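Look at the two complexes coming up: subunit A is in both, with subunit B in one and subunit C in the other.
Then we have the complex of A and B:
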């Protein structure tokens, strides 16, 4: 039997994602829920690029998201750039912050995670500092409601989600991704085998930062009036991590499924049975940890299904 | 391999579609031209997180108002010339702006509420503003007082039950200057509500020739003020002004009473709004001689022209709920009253008519929160807050309004005695 081309699976997933989120607003008019779902899917996928392929867990992932949100908002406020360009530059700003934080890779395990968390809080406190009020708005927040465009920001977030998924597919299928996974399992052996550990890890880190920065930019565009805590809240990091783990990291569809299902569940309970929210959500996560520690994707991998 | 890929794709698509379907709900019909069977007021509350306590009080006040009008057959709607029962649709945002965004949208796009009302405070109100404007709905904003909201003319925002935060400390600043207090320390949370008050107070004091000896912002999540209080003490202030939310105030007073330090004047916001909560958490002794903004019902209005005066309201509320109303209960109730008047005077059942009704009643209406006065940007300019001091009375505490002189019920005890 002829082996199907390696790109077919990822392309199918990309087409499915695009089709679903293109059609969904016609079926369900609360576009805000769909937008937020895409945001968390993109973030879970962005986090997957780093954690799923290198094992470095960035607790402060929200720092890149907030950086992108603020960079985009400031560019919209102080320049005449089109909003799309501002969003792209928001992603670039997150990459620059990622480069500055590159030395964190001297740490590993929980030390890296905690240092990363501290870095995100530093960025937050700088942005929210009242001394920067003329620039960032400080604690007063920022307003870009003159460019508020929910449909355009929705399409932009979809494009970012597709880009994140394409990157994850590249990581999953390419020689580069193979190097990352080898490094994850045994960095010394990987290094001896010719994997440039520092370079590859930095690329994964910057790609992950770029996705968060882009998502932050599109999120800011959609929100248009917000305070620093809205884009730097640790809840964003926690959700991205939980969603990615729920679906299964190191795969392409795992974080997508995890974020989509868990966020739908989250939104569903929030509307139908808010009084049971903590109980049901907590129970679900406990069950996941007990019975599916490798995420939903492991249900497929156990059956020898290629989960992309 | 091909089959495996197909199965993976099918699983992925099924999962994504399932999640999409899980969100789907039957869409309600669009606004009918005829009278609706009920007036749906959509709002959010926080059952957990930083804003849980005030948010739930605000909702309780609204529910109390709704129960009252429904007992009489509902609220009179001028556009339909009849009374229609009120239904409150409330979702839990858990103090999260991301969750609040989707839930406000849910109220508008799925529940098709007739009136959209924001949750407590500026942070949870901020995300509702563009959603309301996008859907051409008037956002009834009970307690979101961020100065940033009210910078341009709008038909879709009205601050109902709280003055815009930048004007809150004007009387406090005058009080400090009048008492010739020269060394003032200001510590504030880095959020719009608190920081705008800090900015206004600093400007007022500097205009009067008093430069704060300490002026510092802390994160809204700050929960340990021990080191900060010692740092403040090192600047030898006579007055320490702490602008924070209720949980910050509790942490501040815990740290202050544990530090053994004493200042001649201590001011914080929430003793005047949620005294029972603070007393329960930090004790009566820690709050003695603290200065605060006394918010209705602590400030009494006996000549309202809309709704009950303060005294009968407090009496009826206490009888119904077995506890005295706090400021946010009152704010929620007052928001209901204003909406009631709005519906009772708007000639058509449209959002623009609702807004115009609010503008028309501005400056002519006094409720148990004081004068209702909004400008074309939606900012609340009435309902000014005096300064009060919490003084011991028996085993408890009582409020004495100390400034301005025309509203004072007693004299300030300054310097505050050590206890």
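Then we have the complex of A and C:
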């Protein structure tokens, strides 16, 4: 039997994602829930680009998200750029922060994660500083309600989600991704195989940062009025990590499934019955760690299914 | 024809913290030559190949490959120049298939096309090509390390204790393989405790003791050298 072309799986996933989120607002009236679900899917996928393919866990991933949100909002406030350009520059701002934080890769394991967490808190404390009130609004937040456009921001977030997924598919199936997988397993042997691990790791890190920054920009556009805590809360990092792990990192569909299922669960009972939500959520995570440490996607890989 | 050796070490030293583990090592190697490195545990054999392969850069002296200084270059650049190695404790990509392990090196080394199937056959791994590397025995993983190194089309191959744990028939196979590689012009440095095995594959050995070069010459002559005897059995 002839092997299907390598691009077929990724294209099918992208088309399915685009179709689902294009149609969903007609079937489900609470567009805000759909928007936030896409945000977390994009963040889980963006985090997957780094953690799933290199093994570096960025606890402070929210720092890029908040950077994108504030960079976009400040550009909208202080320039006459179109909002979509401000969102793109929000992604670029996160990339710049990623470059500045590049030396963190001298650390590994939990040291990297904690240093990254500290870096995100530094950005938060700078942005939320009372002294910067004339610029960032300090602890009182920022308003860009004059550009509020729920549909345009929804479409933008969908585009970011598709971009994150296309990048994950590229990482999964390309020569570049082969080098990342080798580096993840053994950096010294990967180097001996000729992989420039510093360059590959930096590219994965910046791609991951860009997705969070873009998502932050689109999120700010959708919210249009927000406090710094809304885009710098550690809960965003934790959700992105748990969602990605639940679905299965290192795959394309895992983080999408994990974020969609767990966020739907959160939106379903997390607000109406938070006490049951906390209990069930904790239970789900314990069960995951015990029985499916490689996430939902491993249900298929264990059966030798070639999961995208 | 150039008289420049393929590899030359000039007064190479290496320290870990306050401890000097290599003192002023100087030797050279010609294309197609097999050099044995022997010595008691902790004598600096593996450190020597770590220094040459860039895993632990030299603190002193120069390492020249084809006349070019390579100390301080990142590992991947040294690999792309044509130096590769295997490990005493194999370091393959355990979660990837055997063929993928070799493909990574063939893809990234940028040293011309490598015949992956031929390399797998040569290292006895053809029937395991689709197995997950972590499921192989330790000896098979050592061969996979070697296969990964060969896929980079090396000019210098550093082999670290590949014979440990092998039976005589397997050792015979490895000896034939290494000699075949040398006959193709690949220079080899073989670190080994198994002196019979070394005797079959090398013309020249360097004996190390406490990071110093004690002897350079044939293995037969080494066994009569008083410094070598003292390093191995005390005195």
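Rule of thumb we're sticking to: the second predicted complex is superposed on the first by the 303 of 308 C-alpha atoms of A that agree within 3 Å, B and C clash if a C-alpha of one lies under 4 Å from a C-alpha of the other, contacts with A are read in each partner's own complex, and residues count from 1 in each chain.
The definition used in the following text is that a contact is a pair of C-beta atoms (placed from the backbone, for glycine too) under 8 Å apart; a residue touches a chain by one contact, two chains touch by 3 or more.
Because the structure is predicted, anything quoted here is derived from the model rather than measured.
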### Message
Output check: A:182 vs subunit B and subunit C. Expected answer is one of first, second, both, neither. What do you get?
### Response
second
### Query
So, A:285: does it touch subunit B (first), subunit C (second), both, or neither?
neither
### Message
Contacts for A:192 in the overlay, against subunit B (first) and subunit C (second): which applies, first, second, both or neither?
### Response
second
### Message
By the touch definition at the top of the document, which applies to A:13: first (subunit B), second (subunit C), both, or neither?
### Response
first
### Query
Where does A:159 make contact in the superposed view: on subunit B (first), on subunit C (second), on both, or on neither?
neither
### subunit A: partner with more touched residues, subunit B or subunit C
B
### Message
Residues of subunit A that sit at the subunit B interface in one complex and at the subunit C interface in the other, please.
### Response
none
### Task
Under the touch definition given earlier, write down the residues of subunit A that touch subunit B in their complex.
1, 3-4, 8-9, 12-13, 16-17, 20, 24, 27-34, 36-37, 125, 128-130, 137-141, 143, 145, 148, 150, 223-230, 233, 235-236, 253, 256-257, 260-261, 263-265, 267-268, 270-271, 274-275, 277-278, 296, 300, 304-308
### Query
Of all residues in subunit C, which touch subunit A in the complex?
53-55, 74-76, 79-80, 84-85, 87, 91-96, 100, 103-105, 107-111, 145, 148-149, 151-152
### Query
Hey, which residues of subunit A end up touching subunit C in the complex?
175, 178-179, 181-182, 185-186, 188-198
### Task
Sort out for me which residues of subunit B touch subunit A in the complex.
1-2, 4-5, 7-9, 11-13, 15-20, 22-25, 27, 47-48, 91-94, 96-99, 101-106, 109-110, 122-123, 126-127, 129-131, 133-134, 146-149, 151, 189-192, 194-196, 198-199, 217, 219-220
